[in-house]
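Take a look at the structures listed below.
Shared between the two complexes below is chain A, which has chain B as its partner in the first and chain C in the second.
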Partner chain A sequence: MKFEDSKVYAILGPNGSGKTTLAKAIMGIQKISKGKIFFNSKDITKLSPEKRAKLGIFLGFQQTPELEVSLQNLLFAIDGEKAYEKINKLKSFVEELDIDLKRELIGLSGGEKKKLELFEFLYMQPKFAILDEPDSGVDIDSFKKIVKAIDFARKEFNPTLVIISHYENIFNYIEPSFVYVLKDGKVAKSGGKELIESIKRYGYE
Partner chain B sequence: MIKEISKESVEELSKEKGEDSWMLNLRLRAFENFEKSKDPKWLIAKPNLKDLTVFLKKEGTKTSWEEIPKEIKKTYEALNLPEVEKKYLAGLGVQEDSLVIYRKIKEQLEKMGVIHLSSDEAYKEHPEFFKKYFSKLVSIYDNKYASLHYAFWSGGTFLYVPRNVKVQFPISTYFRLMIEGEGQFEHTIIVLEPGAELTYIEGCSAPLFTKSSLHAGVVEIFLNENSHLRFITIQNWSKNVYNFPTKRAILRKNAKIEWITADIGSKVNVVYPMSILSGENSSSSNFMLTFSPKNTKKEGGAKVIHASKNTSSTIISKSISIGYTSFRSMIRINPGAKNSKARSVCDTFLVEKNSVGKTFPHFEILEKESSVAHEASVSTMDKEKLNYLEAKGLSEKEALEVMVHGFAVDVLEKVPLEYSVEIRKILSLEIGKKVG
Partner chain C sequence: MNKKRKLAKRYFKILNFEEKESPSGYYLNFNSLNVEEFLRGGRVQKIQPQENSLIFLDDTLSTNERLTKVKEKEFGFDFRKNKFEAFNLAFYKNGISAKINKDLKIIFISKTSQIIRNFFFIKNANVKIVEFYTGKGFSSVSNRFLIKNSIVEHQMISNNSSNSFVQDSFKLEHSRVIQRSFIKAKKGFNLKAFTFDVLESEVKQKLSVINSGSQLWISSLGKVFGKSNVEISSRGLLLGSSTFFENLLDCDKNSKSSSINTDIRVMKEKNAKVFCLPSLSVNNKNCSARHSFSMIELDKDEIKYLKAKGIDTKSVKKIIKENILKWWRS
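So, the complex of A and B:
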């Protein structure tokens, strides 16, 4: 699979087709048995997730684990004092995404977790971002806010964006330039955005 | 002067100190009881008493910097302490500047009528006053290690705050340490007269060097009506120490105590500060942080006796375990202690797969019109959390650090800033060792 600078990619596929596994493999938190991963022509297959993150690779998790740490302290651990300045620049999104910087990341609702991941995405300004189901389980208001945050990111730092989703709806708002369809851990189909339309009509078969 | 544990050593110590016969007799009775007592059931690890020696400090004896264990030196380095300060925290001498500060504080306290002496001085200078409180709350027969304490007690702090005096700055043993050094069986007495307020900090922010392998202090606290004490302990003894202190407070009407305890150091540590709520509306709260690095065992906990109406107690315990931690509490609500409330929360964070965290809450509720609540939780640094934090750009060590600090924050925010900063550093240092 290949992802080019600043383009948007959609990854679709039925449950268990390997979408999240692929995302984790790129991030380095899923071991791979075969193959190699290159980032800007550099072989990163053996790099730790931490180093990949520092190169500018980001994963917005489908499920944020329960963490007895506030977002503020987490960002402080990553960036030190600089974190406050960076958060300050995103003030409007702190409000927009209802981010409570001081609350421990425990007992967050599905929607709150999605917004948290989106906020981290804006904060980190990665070169390459995978958003794993940023739209699942969120209400319509949150959905709009998430789309708005993604739009902002594209204008502001224009990353390569890989969106994994079950729902085609998000691609009506964020247009992909390329689509991968996974099945049984393999790329079953790939092509332009018209692929989404055909899946909508005929399913994955 | 190093002596084995014997009746002769007790007699010699008492003679050396030039004590009266009542003190000598008390020491001997305590020693007799120590010899015939069995180890308390709660003891999680026993020190080898056969090899135990007591260190009788003679005036003017000093240890050389070369004798300080390497590990402690390393910790001092990590804390970025200047050389002079390191030496002096290790008990090697007194820094002139600090002496000046100490004298200023002493003057200020004297003006307020506060008595702040070492317990040895208090015994000599105010014998009747001292006798009124000494061993009145923790009996010489309380437990085996309290008996041993009374046989060999030396040093410690005596603090008396007169009626309605509110001491605005925390008083710490730090200042005492500079002058005296700390004994291994120090005895601390704090008396607050009605309406008095005080924050007392016991222990040191840097690991104390001690030659001794057993440390058994006793703390007796008397809080009169409407008085308020914050008693902060930063325990960071070196890792060859068994620490079994006995701490107890009795509270009159409307009095309030906050025990804030950070147990970071020592090899084996067992401590349950006890509050006896004997006056109406008195209240006790415990905030504890217990940390067990590898190969250490820590038991923290609290005892509260609700002996009057409308009393309340809170225990918040946070244990971080690489080795072994346990939480043990005893809460009793006496008959007639109507409308009393007790609440305890104990959370454990297990750092490694084979880290141990146990809880032993014990309740004796003898009054129907009272309420008791207990919550316990365990969290771990599992693969999922670690993966998440690494993916966000943290190393394994940083990930553990952020989790541990996040977990400890409820207690750390109760500790004065300079101490919490150093506790964080020590936690990070130990976690660094774990991760390699």
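So, the complex of A and C:
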């Protein structure tokens, strides 16, 4: 699989096809049995997740763990005092997404978790971002806000964006340049955005 | 109780603790806490506090500017302008014996490695006692409280690098005690014993432990009479160490409508050994008792998640430690 600079990729596939595993493997939190991962022509296969993050790779998790720590404190752990300034610049998105950065990451709803992950994505300004099901478990209003935040990211720092989703709807708002369909851990199909329409009509079979 | 004690000792051995008699055993005899013994005091210097605020200092503050500033901010008190050298000397050498019948705030800050025994007889008062111990080598701190019709908040932070014995014994009558202890054990043998004898009173204990390579025994031993409430909760982060949690609580047949709750939650690294011995003896049908113990290995998903956000292993552990401290402070 290849991902080019500043393009949007859609990754689709039935349950258990390996979409999240692929995302985790790129991030370095899932061991791979064979193959190599290159980022900007550099072999990062053996690089730790934190080093990959520092290179500019970001994973917006599908499911986040319960943590007795707030997102604000996590951002301070990453950037120290600079975090204040960076958060301040994104103040409008804190309001737009209706999130509380000081709240501990415990007992949050699926939608709240997604929005916090997305805020982190805006904060980190990665070169390469994988958003694992950013639209699942969110209501229509939150969905629109998430789309708006992704649009903002594309205008502001224009990352390579890999969106994993079960629902085709998100790709009506964020148009992918290329589509990968996974099945049993392998790329079953690939092509342009018309592939999404075909899946919508005929399913993965 | 003796059978339990024997069992505890057996596991003590399994965990490779040093062959030492547990000092906590002594405190199973609750009758030892009485006024007469209190007033005898032994080598301990007796004092009668006169001031509204009583501060004990040792040389830690004059050598540790940072700590001084932190504590001054926390208590809103200028240590450098308010030294009570006589009290300091009494505490530093042997400990003190104090009768307190007025509202007081008492602060001990020490890096001593000596044996300290403090005796407090608190009656009709609202007292806050803060103890902060740091230092290297062996140190032993023993506090005994006899509390009547009072509210006491007792806070202890023990940051000894090795071999510390901390023993707090309370005898309560119609009183309320909140005890918060923070134990940071690095090496050697460490013991924290909390014993209480409660009559129509309320006890709340919060204990935080970060054990990074020591043999640690934590005991909470208590007996409840009358209508009382006891809540003991512990949180721990155990890194490559041996830790023994012991909760032996006895609800007396005269303890009508009392409640006992104990809760231990620990997070451990793979090679850390943990043993928990809960024992609740409830001798009155109107009492409620509950014990819970949960142990998890440092959550791999949590660590992976944080690492994926660019936070290295060292910082991940720091965040987890800070969370434990946050719970303790709350």
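Heads up, the rule we're going with is that the second predicted complex is superposed on the first by the 205 of 205 C-alpha atoms of A that agree within 3 Å, B and C clash if a C-alpha of one lies under 4 Å from a C-alpha of the other, contacts with A are read in each partner's own complex, and residues count from 1 in each chain.
In this section, a contact is a pair of C-beta atoms (placed from the backbone, for glycine too) under 8 Å apart; a residue touches a chain by one contact, two chains touch by 3 or more.
Everything numeric in this text was worked out from a predicted model, so none of it was measured.
On the shared subunit chain A, the superposed partners chain B and chain C overlap sterically. When the two complexes are overlaid on their common chain A, residue A:64 makes contact with chain B and with chain C alike. Once the two complexes are laid over each other on the shared chain, residue contacts for A:54 go to chain B and to chain C alike. Overlap of the chain B and chain C contact sets on chain A: residues 27-29, 48-50, 52-54, 59, 61, 64-65, 67-69, 73-74, 77-78, 120, 124. Looking at the complex, you find that chain A touches chain B at residues 24, 27-29, 48-50, 52-54, 59, 61, 64-70, 73-74, 77-78, 104, 120, 124.
For chain A in complex with chain C, the residues that touch the partner chain are 27-29, 48-50, 52-54, 59, 61, 64-65, 67-69, 73-74, 77-78, 120, 124. Across the complex, chain A is touched by residues 299, 301-302, 304-312, 315, 318-319, 322-323, 326-327 of chain C. Across the interface of their complex, chain A is touched by residues 349, 379, 382, 384-385, 387-396, 398, 401-403, 405-407, 409 of chain B.
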